[in-house]
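Can you keep this structure in mind? I'll have questions shortly.
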Amino acid sequence: MAGDHGLKYAMVGGGIDAFIGEVHRKAIALDNSATLVAGALSSTPERSMESAKQLGLPEDRSYGTWQELVEKESERDDGVDFVVIVTPNNTHHPIAKACLEAGLNVVLDKPMTMTSDEARELAHLANDNDLVCGVTYTYTGYPMIREAAELVRNGTLGNIRRVELRYLQGWLANDIESEGQKQASWRMDPKQAGAGGTLGDIGTHAEHLASFVTGLEIESLSAELTSFVDGRVLDDDTSVRVRYEGGAKGTYLATQVLIGEENTITLSVYGDKGSLWWSNGDANDLKVATLERDTYYLTRGQDSLSERAKAATRTPPGHPEGYLEAFANIYRGVAELINAKKLGTPVGPLGHDVPGPEAGLCGMRFVERVVSSSNQDGAWV
Amino acid sequence: MAGDHGLKYAMVGGGIDAFIGEVHRKAIALDNSATLVAGALSSTPERSMESAKQLGLPEDRSYGTWQELVEKESERDDGVDFVVIVTPNNTHHPIAKACLEAGLNVVLDKPMTMTSDEARELAHLANDNDLVCGVTYTYTGYPMIREAAELVRNGTLGNIRRVELRYLQGWLANDIESEGQKQASWRMDPKQAGAGGTLGDIGTHAEHLASFVTGLEIESLSAELTSFVDGRVLDDDTSVRVRYEGGAKGTYLATQVLIGEENTITLSVYGDKGSLWWSNGDANDLKVATLERDTYYLTRGQDSLSERAKAATRTPPGHPEGYLEAFANIYRGVAELINAKKLGTPVGPLGHDVPGPEAGLCGMRFVERVVSSSNQDGAWV
Amino acid sequence: MAGDHGLKYAMVGGGIDAFIGEVHRKAIALDNSATLVAGALSSTPERSMESAKQLGLPEDRSYGTWQELVEKESERDDGVDFVVIVTPNNTHHPIAKACLEAGLNVVLDKPMTMTSDEARELAHLANDNDLVCGVTYTYTGYPMIREAAELVRNGTLGNIRRVELRYLQGWLANDIESEGQKQASWRMDPKQAGAGGTLGDIGTHAEHLASFVTGLEIESLSAELTSFVDGRVLDDDTSVRVRYEGGAKGTYLATQVLIGEENTITLSVYGDKGSLWWSNGDANDLKVATLERDTYYLTRGQDSLSERAKAATRTPPGHPEGYLEAFANIYRGVAELINAKKLGTPVGPLGHDVPGPEAGLCGMRFVERVVSSSNQDGAWV
Amino acid sequence: MAGDHGLKYAMVGGGIDAFIGEVHRKAIALDNSATLVAGALSSTPERSMESAKQLGLPEDRSYGTWQELVEKESERDDGVDFVVIVTPNNTHHPIAKACLEAGLNVVLDKPMTMTSDEARELAHLANDNDLVCGVTYTYTGYPMIREAAELVRNGTLGNIRRVELRYLQGWLANDIESEGQKQASWRMDPKQAGAGGTLGDIGTHAEHLASFVTGLEIESLSAELTSFVDGRVLDDDTSVRVRYEGGAKGTYLATQVLIGEENTITLSVYGDKGSLWWSNGDANDLKVATLERDTYYLTRGQDSLSERAKAATRTPPGHPEGYLEAFANIYRGVAELINAKKLGTPVGPLGHDVPGPEAGLCGMRFVERVVSSSNQDGAWV
């Protein structure tokens, strides 16, 4: 189909009952960015083979373990172009490392690894071997987030003063991990999730989203992690005050215990010439105000938007695009990057906007700094 | 992948530069409902073959004309399971007729045909031959529209009093068809579009959406068609007052000349026990009020929704789904229907919610009644 | 206080238990537009005197009947400057006539009278005697409605194509008049309310609001009146299709039986250069779109607004004004008009925007045409 | 009029060109809570007398200085019932002290004083002399804020976890005080405003609003004050992290340099059973969610609201009330309190909700703690 460059991919994790694996597969399928041809889909060989069967994978590419997958696919002449890793955080690093060492491009879910050292190692491996290592920070896939980044870049807002980011959920308002809810269990288990609970899960989204739109570097931060639900070891609520290089300030709030918040993300960026507001509940709109003009709205699909935003859209204005489309934009970019390496086709705006290993590393450093500051009662780190 | 039943489809129309063909392909790909394996993609053999090549179709299934496609695919043992027809309105009938006569299931864009007689013929053919004939009234694919239909069906609203539906666009505010804008040109050409301009294009969406949600039959209607833009032969604005069987009343406004309206669809249904409101700008929400309760919101993905709505969703609450997902739900239903015939798998809620030939016929009768009433200065028809 | 020109007024009706009388008094008090010094506040002398006492009126100006009030106040040297008439519709005409014949300025609630003949008589009386006869069409008192009228007047929208006005309430969804609810009882009694139920009560607001903003004259209309609630004689739902002089079209929907609608008023005006949207739920904002610009928002209190809108505001942007402030703007205008006659002070924008007897008459003709059309099954009248 | 108990008041400050004095006068007039009969309206005797004349005050109660006003009014048999003090912050304390020592009730604008010591002294004076000392924290006058407080009080939200409050303005985005803008000049002058700029002006509103709704006491806070505009001595941006007694946490952001924010106040309160959301842009609505129910809306004027909220409203649902009505509710409460002392009439919910000297003192302590924390780079204070 249009945009089909015949890329093939494998998936590690994402088998039966997994939520996010299916999201990745749909996001890739939407634009026919690549075709799933191999997998090691679960944590036991039996369940892996069963999942592979359900997904219709060929038997010889249905692997019981990720080690086997990496070994076989990197040896095949028609081996996959990239591997999508959608396992719990603690396995990201060994799997990705093995892939990159075997010459396989990878796409990882966030947070990238368990530590910044691990992330740094992967970044070096990818760079040294000239391989793609994408990290699926989904929300930067929204066209109007890309337009927002353009408005900052082109000076419409002037010098940034304040960045306000809230990422609010409520599904962990109760101790559902004790009741065996699978999504909750691994996210709140330090062995599988790492040093951050909510911090790692959605705090990293917040950090990357702010960074993507503003381009600002965090100079120092003061943080407070809270576990509101009794018995929870990891944080379920992360509050961060940020000082950026150049004098701007920001606050990030990421929390998963607020009843009634389904998946609320709001971003406001205020400069000395203008401001912008975005929320994922109205993901197709971008509100803007400048000193010269009244408050106005930019909407996805308009001709007047930047090429960068237009490249990331499929339907006309007024025909809403959502989360899967944003996710799919990351994968269209990944396909652009891989095709560029493979076929010499040009990298367009979608490829340039793929979050790479540096973004993943940045997220891990953010997690570590937040934990450190919180442990020092909010000292600036 | 999950839900892959190995269906194959062909497309007629939808080649290079076509807008809606690509939308259909993405909608089918999102859930892997079927795979495109054949096509007669354009109005000339040359452009058809070129489009087929770009989409990566096998040469032996890249057809120059739809007649050839129907002939060959109906003869092949591995012929397609269904044909998607995305050509201008005036060719829907001959193509669909040929398909149905050759035993091929079809999916048609709306409006179904040029006349109700044509639509009736297709409906008979489909029914007599036990074939699927789906019509892509996209907006009924939204999960919260299906929830709305459930709320009416289960009596939450009581007896319906008023139905208010507005479908507002602005892209035809100027005479862009004279400037050669392709989408505008055929829609405002009576030879290609039929008796209704805006009426056929989006007025039929309005009629079906109201019918789908409320289940009400139109007893009589009073209509006024207007061409606001000079030189336009067909209507660009349709205002209809409806009397339903049972005493409810409604007004539909469909217009394409309202500057600032991108693709605004709002539906309000008011009964003697409660009311509901939906708009495609907030497609993931459904506002409800009843005499017993405060005004409240249902949101896509909630556990408390009906099975019918839940079957039509992919992502958790707060992760917005949009137009392509709604569209894809129609095709998931089509796949259910065809698999039921082919493999004996059960038809689920998605299949039962596919708009069939009766819905298409209903739309054509609506077009004809509206034109008739308007020609009589709004007499009740 | 600021703006105090020492005007004195009397009130007819508006005693104990009355809703709207207190609203008028507050609206007048807010800006100290005038001081209440006399009243005939109820339908029996006993209750009138009791109400007067509660309001602290001087005994010698607490009247048992309106006839007495008119006689005495018109004879006093320090008689009132104007009389506010807030009685059921059927008494508007005799009271206002007596006032105007006695040389007293009046302010009437809408609908102005029971018939257009009565309204015409009052208009003539007011004009012949050079007296103020204001009609409290409250919603035109909103600053952003006045800004909307300016945008039409100054050509920002170009030639108007469509006017969409909905005035929706739900408090009459059940037969509460049979249960003795006072507000409902007289409004649904033809003897007290006139030929229109909902039509007279809020349909006239709709007509005036559209007329005030657009300046368009109704050429003909096609209407349908419905009584959804069993046993109700007058309409509780009014649907009108309008053709304006010059070719624009409109639809008005006024209804009081829609559960969940508290007092929803939405106005959209679409021209061939631009559009505007207003709703009383966001009364401080005005949404505008033009061909040249993105969709933008004007907000009450901004420096960039017209003098006409700015004159009608009291607080800075972001400090919302509401219904009482809109109401108070009518009275500030009435005070301007009366002071102009009395003291020779200039009439400013507030005075020019007071709905006069012609507006009241226009409303009564609207009621009569709607009833006539509805009786002829929607014929154009 | 209804509710008129014949109270008389004097005003100190609020003369020509003053903004807030007129707001207080309108708020008092709206419900006829009291009548202005005396004033020392400006900082020079000449301008005071001129302002008094414009407001129509009797000559013998038009004072050149506040000292004179206090002396004379406290000696008159028919002296005022209370004095409204609407001068710059630095004069609040001496004026209020003189009033209270002379036995006069007072109403003060916030922030109450320059220091907490001053506020404490006034609180003692008021309590010792059994006098009313109201502080006009306007936003707690909104009926739906009072309903919110009831929902917390009656346990609907369970134990509070998070309080999020933002008070955002943009009018100080540039250095307009250097250009002589009067409102800006004194607010950004430490001699007139005190230790806090934005902190004192709107940060105190934020603190009181959160306290009023939740009833939570601040255990400790960590703050960061910023002056984004060059040359500004006082803060124009206040960011505070709060730990409440009992374990809840909160963040307040109060800033006046955010372009495009007119006067945005949003409050979210999250408990372990439910949540509520309010914003002054939709001041008539309160959004609520609980574990047991879908997200729903309470609206001003509904019968189902608490008596406390209903007592603070004037018009039916759907007829919006705004800032002046909220302000007026404070004064209706002040009138209740004074009448209770004077006439023995009962204190109703409006009186009980008047912010008293303790609230004012609390605000001053908040200012001092924030400044202290900020000076220690965000240490918990």
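Order as written gives the chain letters A, B, C and D; numbering starts at 1 within each chain.
We adopt the following convention: contacts are C-beta pairs under 8 Å (C-beta built on N, C-alpha and C of every residue); 3 or more make two chains touch, one makes a residue touch a chain.
Here the structure is a predicted model, which is why all the values come from computation and not from measurement.
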item: Any chain that touches subunit B and subunit A; value: C, D
item: Subunit B onto subunit C, rotation angle from CA fit, given as a multiple of 5 degrees; value: 180
item: Selected pair, greater C-beta contact count between B-D and A-D; value: A-D
item: Distance from the mean Cα position of subunit D to that of subunit A, given in whole angstrom; value: 44
item: Mean-CA-position distance for subunit D and subunit B (Å); value: 55
item: Where subunit B touches two or more other chains, by residue; value: 261, 295, 299
item: Touching residues on subunit D, where the partner in the complex is subunit C; value: 1-2, 4, 6, 19, 22-23, 25-26, 29-32, 36, 54-56, 169, 171, 261-264, 280-281, 283-284, 299, 301, 314-325
item: Complex interface listing, subunit C residues touching subunit A; value: 293-299, 302, 304
item: Touch list for subunit B against partner subunit C, complex; value: 161-162, 164, 166, 170, 173-174, 222, 224, 226, 228, 237, 239, 241, 249, 251, 253, 255, 257-261, 268, 270-275, 277, 287-291, 295, 377-378, 380
